[in-house]
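In what comes next, chain A is part of two complexes: it sits with chain B in the first one and with chain C in the second one.
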Partner chain A sequence: MNQRSSNLLDEALGLDEVIEPWPLRGQVVAIEDQVETSGSFVLHHLLKRSLSPNSSNVTIFIAFSQPFSHYDRILRKLGCNLVSQRDNSRFFFFDMLKLQCPDGDEGITPEGGLIALYGKIHKTISALPEISWKNVSIIIDDLSLMEVAANGSSDYVLDFLHYCRTLTSEFDCSLITLNHEDIYSSEDRPTFFIQMEYLADILIKAEPLATGLATDVHGQLTVSNKGRNKVSNFHFKVKENVVECFYPGRS
Partner chain B sequence: MVMEDAEAPHHMLLLRNFMAQGLVLGQPLLYSSPARDPRGFLGTLPSPAASKDDKSRERDPDQEKGLRIAWQYKKYLGESQLDGQRDSKHEYSNEFDLRKPLERHFINGPRIDCVSIQDCPDLSTLRDRCATFLSQFPRNDGSISCAGRIAIQSFCAPQCAYSNMEWDMLSFIRYLKSMVRSSNSVAIITFPPLLSPSFCKRWQHMADTLLSVKAIQDEDKELAQLLTGYQDMVGFLNVHKVARINTQVPVILEATTFSIKLQKRRYLVLECLNQAPVDGSSGTSYGTSGGWSSSSKTGNLDF
Partner chain C sequence: MAESICRALRDGALEGELAPALTIKDSVASPFALQVFSHVLSQLFSSILAGKSQSRGLVVVSFSRSPSFYLDLLKNKGTDIASSNNQIQILDCYSDPLGWKDQLAGSRNFTALSNEVLVSSTAIVFREVKHMDKLYNSIIELGKGLVGGGKIRFSIAIDSVDEMLRHAPVSSVARFLSNLRSHDQISSIFWLLHSDLHEARVTAVLEYLSSIVASLEPSHQLANGQRGDLENFSLIKHNSKKGKFHVRFKKRNGRVRVMSEEVHIELSGINFTSLPSEGAINQGLVPKVQFSLQLSEKERIDKANVVLPFEHQGNGKPIQIYDGRRSLVDGKHERPFAAVENVQTNENCGSGEIIYYRDSDDEMPDSDEDPDDDLDI
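Showing the complex of A and B:
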């Protein structure tokens, strides 16, 4: 049951067959969620897949939301040891919890701070063996907090994402981001959000059910895979050690 | 984080309980509000409700004569010190008597820091005070020797000079959150419904646990018919999100809406809502009794 249920998400993302080379290479994956239904479990699932023992994938995780200990404990329950992956140089954790880029004070502008971050990512990838370049995933949790760190300079955040996008072509990396759709749906001009959706090759939306929360079904996922010209919709239930995905009525 | 209701100060009931509980347990407190003198609010904190055990603690002089060994120590430690030790040992409790103010020695202690945010042009003062306060509770691998509580009331109130600096307020919350996560402390922030919809959503996402309070209209006949005990209710408490730290599993509560009652006008009580019996003679059914939605997305009430 578990193997079958996780394949619905893996199927939709193209992760159900071989994972070497990394099927998401060169792609931008945008995960969107809401206050009622968090999409962070998708991030954890992709992180676990990218660090699978059967692959040589390297992950650069840019954390604006939670400390390392939080992800470490969650991934352990999912069967992945982030500490040993970090020690083996397969997992690079950039702790951005306290990064703040004020306007020009202390010499760190929002633009300058993000340029420095991009430089750090580029340097990390360049230092890897060339054979690993095609198997690098950059994960950002989450973009709305990156905007806060940049003191609201959404344009600089967008520039940063465009630069990261160039890495997907230069190094064939994959870029995986999490953002909160309901923040931007109430804006008059959600430019940042629309641009991000435009950039994405795969869009994953986590939403609550129309009937509200339930113990057996935690929400629904809609995966729009532009490359495969395919849209998948299914329900999910999040557990400590697995995410169960199933079609409506088949929990 | 608690979303306030402009029509009733029910968030103050939650803050009072939170602050009083911490002081009674000997936990340092940092309290911030838009009032010019936040310390004045401490005088309204409630005292722990008397429990049945308190009566059994009253000393019987005749009984003491029989306790030869244990009470011999009284001679060396002194009566007053023993009394102080006995009084300082409070069991963890959520029950407080709103009609009885907290004893002065709890409020006058050195472990309380009060910060007024009314005249602050920016949030640097509050940020520095929080940093200094939280530095007392570093998170080590060992046991927790002491925990701290931060209560920030009406954070974006219009009388605060920084209230239109939305990104600065978000930066502060993000900073506070990272500091609290790396310390043995907890923070409650209440905020009035004055933010733009987009920024309100940003605040909601930042919260680990998200609550809202709502006033009940007096003499609401529809609610009176729908809910048992309506006449005792002063408002509703909604639980929108529960903290998920070190886990990805969401907390699904049986009910997310609770009634706020003041029992005997003294005790704050939160209860799951119970639907009043349907009048069989009228022929109406549950589905058509109006005003109640089972959807947490659009309705106010969730049984």
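Showing the complex of A and C:
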């Protein structure tokens, strides 16, 4: 039932058919959202699809935003048990909520900060059997909080993201990130934000409707899939256990 | 026109002059610079292999993409990479630009993978992208390794200057590019730039350094802050596959030539076509709905034939308007045919009519008076 209602999103991402090997392998997926339309549901959906029993995917979740219990609760409602996935080494949770990079150049040490985080991710993937490498998804929630943890140094975060991207070339894994558009909208030139748009192979934007608030529709999703040269747009409604995606006028 | 760019790079530099330099710039609204860059790169490399260009080797300085991306690109274009090792070298500033892997390996938290050196014969890893001088020296060394010393020239492709500008100030990058252009073994140089990542002055500096500036713009400008309605989405969809390609050449004689084309992005690659007329572009913008928004030829003629019920038709003649009080027959006789005279008779398959029945005889004929004039507000 979950599959049917999220079908439009899966279709736009290429997840509607076979998910082994992972269709998003080697790609960077950037999710952008706003306060009125949170894009976390896309993150949860991708996490759920990646931990599906039909696949042997491994997910490395880098959390700057919420603790493990939060995601455990949400994924349970979607029908996925994160605790057992973690015990089965299919789900690795890196709790970064307390990460505070040291100021200035001391942040650039292998011991602390984002360099160490990169090293940890690299080590985790290398430890897996080679055949599983392309089935690894790295999920980061979310980039704006990573910037905060890095004391506002967007350059440092961009360096880290670059190295994460090298992981997608090296291991053929996928990288999924979430960022908030309205945080950067007041800047003249939201470089950090735009940079992610260039890096992304698939861009998913969650925005409010042009017509404003509605009870039946929470917002609209625009999925730009550069690899397939395809752009899709549809409405969504986030319910308790599922997200419904539908074309305008057909809820 | 893309041909002209490739030709300019192929012809290369004249003795004692700066090498031709191309900036390929785009923005998020039409992010096709990479496709154009790849196209130019594969064309130039084909000429190098065929011996048709001044340069005898190509050095690719890759920041944004892994070396295997370029090798696969050239392989897909039919180039035999294995046998052309001595004509292309890639300076890999992608895999470990800041030396993080080295640092981590040093602290034993890290195991470098052996498959990282898969492409080692064609790619050299560069780990100090913050040092422009070392970068310069590495590029020259690689190039000389390809073509030897002396007078033989090689070309350079940089993907992309944005990464360089993140790691070094614009003055260093400008000096770096300028030095490359003045080196007497460099035939041509081109680079990729995302204009919305930098201040306007930075883009301007790079444009001044270039003899050719190729910019990509969206076919249709989107109104800001108006995301999300159906019309905007069809524009976004249109813009994701097409764009405008403007090229500005600075010629040796001081003249500047400006040309424009349309680019189409397909899965197989990029196509350049001449710009269509405005009408054709607008046709594609009509939103896809279930009723017909177009007029057929017959409908268009009928529409043109309708005599509008205004008092003044603008041709100096007073007009009697059928105001619903006279009989239909009288009305027809008095309808002027002046407006219809110019219509070709062989296509007069029926003039349009506006039939108007007045509600009651008490109403005055239509006049120019504003009916709201008697309101006392």
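What we mean here is this: the second predicted complex is superposed on the first by the 237 of 251 C-alpha atoms of A that agree within 3 Å, B and C clash if a C-alpha of one lies under 4 Å from a C-alpha of the other, contacts with A are read in each partner's own complex, and residues count from 1 in each chain.
Keep in mind that, in the parts below, a contact is a pair of C-beta atoms (placed from the backbone, for glycine too) under 8 Å apart; a residue touches a chain by one contact, two chains touch by 3 or more.
Everything numeric here is computed off the predicted structure, so don't read it as measured data.
Within the superposed three-chain model, A:E170 lies in touch with chain C and out of touch with chain B [touch as defined at top]. Once the two complexes are laid over each other on the shared chain, residue contacts for A:I115 go to chain C alone; chain B is not touched. In the superposition on chain A, A:F234 makes contact with neither chain B nor chain C.
Look at A:S224: by the touch rule set out above, it reaches chain C but stays clear of chain B. By the touch criterion defined above, A:A210 reaches both chain B and chain C. Contact with chain C, but none with chain B, is seen for A:H162 once the two complexes are overlaid on the shared chain. In the superposition on chain A, chain A positions 208, 210-211 are in contact with chain B in one complex as well as with chain C in the other. Considering their complex, residues 166-168, 170-171, 174-175, 178, 181-182, 196-198, 201-202, 204-205, 210, 240-241, 244-250, 252, 256, 294-297, 302 of chain B touch chain A.
Residue ranges on chain C touching chain A, taken from their complex, read 28, 31, 66, 68-69, 94-98, 100, 103-104, 106-107, 109-111, 113, 115-116, 163, 166, 194, 196-199, 226-230, 232-233, 236-237, 240-241, 265-267. Interface of chain A with chain C (complex): residues 109-111, 115-116, 118-120, 122-123, 126, 155, 158-159, 162-163, 166, 169-170, 189, 191, 194-195, 197-198, 207-211, 220, 222, 224, 228-229, 231, 233, 248.
Across the complex, chain A meets chain B through its residues 35-38, 40-41, 44, 67, 69-70, 73-74, 77, 97-98, 100, 144-145, 148-149, 151-152, 180, 182-184, 186-187, 208, 210-215, 218, 238-240.
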